[in-house]
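Both complexes below contain chain A, partnered by chain B and then by chain C.
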Partner chain A sequence: MARRCRVCKGAPVIDLRQHNAAFCEEHFLRFCRTQVSKTIEKHTMFDHDDRLLVAVSGGKDSLALWDILLELGYNTEGLVIGLGIGDYSSQSTQTARRFARERRLVLHEVDLEAEHGFTIPGAVAGSSRVPCSACGLSKRHLFDRVAREHGFDVVVTGHNLDDEAAVLFGNVLRWQTDYLARQQPVLPAGDGFPRKAKPLVRLGERETAAWCVLRGIDYVLDECPMAEGNNHLAFKDALNALEERTPGTKQDFYLGFLRQGFEHFAPPDAEVSARAALAACTSCGAPTAGERCPFCRLRDNAARESTPIELGRKDH
Partner chain B sequence: MKVLLRSPRQELDVEGPTRVGDLVTSLGFHRDAVLVIVDGRLVTDDVRLPDDATVEIRRVISGGAV
Partner chain C sequence: MARRCRVCKGAPVIDLRQHNAAFCEEHFLRFCRTQVSKTIEKHTMFDHDDRLLVAVSGGKDSLALWDILLELGYNTEGLVIGLGIGDYSSQSTQTARRFARERRLVLHEVDLEAEHGFTIPGAVAGSSRVPCSACGLSKRHLFDRVAREHGFDVVVTGHNLDDEAAVLFGNVLRWQTDYLARQQPVLPAGDGFPRKAKPLVRLGERETAAWCVLRGIDYVLDECPMAEGNNHLAFKDALNALEERTPGTKQDFYLGFLRQGFEHFAPPDAEVSARAALAACTSCGAPTAGERCPFCRLRDNAARESTPIELGRKDH
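Up next is the complex of A and B:
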């Protein structure tokens, strides 16, 4: 028998095997909004008085996130970062601009190369550094900085259930207990860093993509070329193989961790307050444990790498 | 029927009719990793596709590890 919308019994546009349900367009969109507002409330991420800075990449997750937050009536502005990853980055910036322009939204922009003199491919060329780690570090630094400079209360990112489940899987495989102790959908502000929230952690990436298709949101379909073959994709693939056999596996894994697992890794409060005090980076002023923050070190190394004198350093 | 894959763009010829879910798994995709689009609309796994259909299978997995 053909499936029907769980709510209205109308013709469905999507089936969600993990919820053993199908939904028509209207009720699927409502389902997504409810999942997001539930997440925001349950984890007290932010409220309607807060100013939100949305990290936008032009991909399905960040645009779905921004769209949903607007629908829920939150006060948002966007930030897109030009990472200098060839066509992928230009598409990403253009798509974010178009989304903002069509909706008359404020979009902040930072271009790594123009403003900081390096690109992600340039920063990892000739070193054994993984592109995603250099890239993630740069993005976090710049989100924090823009949030600080413009007085935003919280940085929101489009990490979805698949992202979080894959990261959790990786952290468990290597028992990275310090990471497990921090894997939360909201991190409070502190030490000069703004609050961070991930309102999409209850939606899978198939759902965020479907949201964009149904809402007519044009997003970047091409994958970042630097992601190819990384562990994160392998973890997602492994989890999707399990999900194929047992729908709901990813959700149980991640939400179960939040419910029952996390507390075993979280440091006691005393330890948190005893953490080494951070000082200002001597180069950019960002809070850091070292003399210069990781972003400034990355930038300075990239500048050094790009001078053609040093030879024979391709040692990976 | 014509099956269009995105990034990388690829076009396949597959014999129909078939159900959406069967098409997806027969091409080696996990069902949670794709959306299936026919004439600009999302379709569910149980929909039967005629032999003359044009179908887009869109991967939804992104790679960023941040």
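Up next is the complex of A and C:
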């Protein structure tokens, strides 16, 4: 590592080729905080009066996010969801608890099996959805519900630049213009849904991992076993190969997209009428376009038996 | 190969996963002709009264294109350009000549070194352009010039689906909206430039190669040695990996793009004023925005000495 810290010329701990810069520990941590506060301000995500609910998985992104938000002085509590994906989920919950306990933070917990009678593997067995779809739907539903019930202003998630670039790539490959129109780093509250914000969209996975290592944060290293072989990972691989050739590819792709202002892709009339049609789910009260919300339908169709996880199943 | 020919249930020669179909020889050739005639009609590229100048490299795409256009009864002549890229260029010219001679077709020839005093390797040595840029610029200039001088209505090129999807991917990664606006399968004539058309955009490389093999067309197998390691090939690799997982990815990406109608990305005022400013190159008379056209500037800066080819140089 030939380059010295960009700021102080001290010994570097990390070289960020996409920024054409190396940093020592102190200035790397400052760089990360600055990137996050810049993102929060640029997209008017929230301010210090807002109550933030941090979606915590126990992985590097969500713990780095929570830690950085604390450093920046925001008012945060966490939420971890027990998804019932074997050891992976137990480790996630334990890691989140330890992080919160050591810092005397409030961590809310929802256990899918104990409170709703199903697990993600069970939901997948009873549904035509792929695992990541059933899981994403459940998490969004429960984040929204806890935010409503406890009066949080914003749900904050740890989606990073690699995630957002891969999602963007998938949406562009299929020209899913409705998704493109909504792929924003902050979505306003409306119709009973809380505001959503992604303050890490300017940091990559490598940076959030380095943040955790340097800050002594213990995080779950394993990727979710049910995500193995999904399209999202294939899109990441494709972008990583290009990033390796040309550092900055992912950043230019995602930030360039935001600059384009793809909101004009949104079909305003259709969206407005779909939104106008939202009513309370007859089962749980959540806002939904149907009679029962997708979460309640997923739960009711879920296999009640404990189902062994078969990796990669239904995911191609 | 388990599947039988989609049309006649006969023994298949090729399985096209992106079309979820296999074909026997007769029906594969018919499939290719149909895809090309569909493309020509859908985009109103040209009709049987137009005089077409086919840009011939001696590779599978340009020879398949010329052959298919002949089969469809179009009025065609060819043009091959001696680029001076060592053996690769000699083979290209010889292969194009043989194809034309065997079919008693008119083949125009331009030799860069004999007629303009430079080669592509020499131009690259005297310029900051990467090889594919200097070469593309020279070819476009000479195709346009021959079309003007001989009164052709359209310059027709063998760009296939793989090419167009890779170019699109590169333009999207950098959100080059001016390029996106102009990446159309047909560009109208204007300001002294002839119409340009790409009738192969619905056929992949695998299909044009199979066309040549089945039709007994001898084509240059080698890729251009100066293109090695360029971005275009990296974009192709990335898309090929995704196509392998999900057949039809490239087709959906490119045809979906065309359906979006990205013309609205064009900056109309800027483009119109740039076009209005075109005048004749003081050196060769071609329409250009500057005093001398890019081709004449490339020629004048080219190293006059015969320069050995260094593979991959300047291309990263």
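Miscellaneous remarks
Criterion: the second predicted complex is superposed on the first by the 284 of 316 C-alpha atoms of A that agree within 3 Å, B and C clash if a C-alpha of one lies under 4 Å from a C-alpha of the other, contacts with A are read in each partner's own complex, and residues count from 1 in each chain.
We take it that contacts are C-beta pairs under 8 Å (C-beta built on N, C-alpha and C of every residue); 3 or more make two chains touch, one makes a residue touch a chain.
Since the structure is predicted, the reported quantities are computational estimates derived from the model, not experimental observations.
When both complexes are overlaid on chain A, the residue A:58 reaches neither chain B nor chain C. Contacts of A:253 after superposition: chain C is touched, whereas chain B is not reached.
Of the two partner chains, chain B is the only one touched by A:210; chain C is not.
In the superposition on chain A, contact is made by A:221 with chain B only, not with chain C. Ranking chain B and chain C by residues of chain A touched puts B first.
In the superposition on chain A, A:185 makes contact with neither chain B nor chain C. Contact with chain C, but none with chain B, is seen for A:172 once the two complexes are overlaid on the shared chain.
When the shared chain is aligned, chain C comes close enough to touch A:234, but chain B does not. When the two structures are aligned on the shared chain, A:82 is found in touch with neither chain B nor chain C.
Shared interface residues of chain A, touching chain B in one complex and chain C in the other, are 231, 237, 241. Those residues of chain A lying in contact with chain B across their complex are 2-3, 12-15, 17, 22, 57, 59-61, 132-133, 135-136, 139-140, 162-163, 166-167, 204-206, 208-210, 213-214, 221-224, 227-228, 230-233, 236-237, 240-241, 243-244, 250.
Chain contact summary for the complex, chain B toward chain A: residues 6-7, 30-35, 37, 41-46, 58, 60-66.
Of all the residues in chain C, the ones that touch chain A in their complex are 172-175, 177, 231, 234-235, 237-239, 241-242, 245-246, 249, 252-253, 256-257, 259-260, 316.
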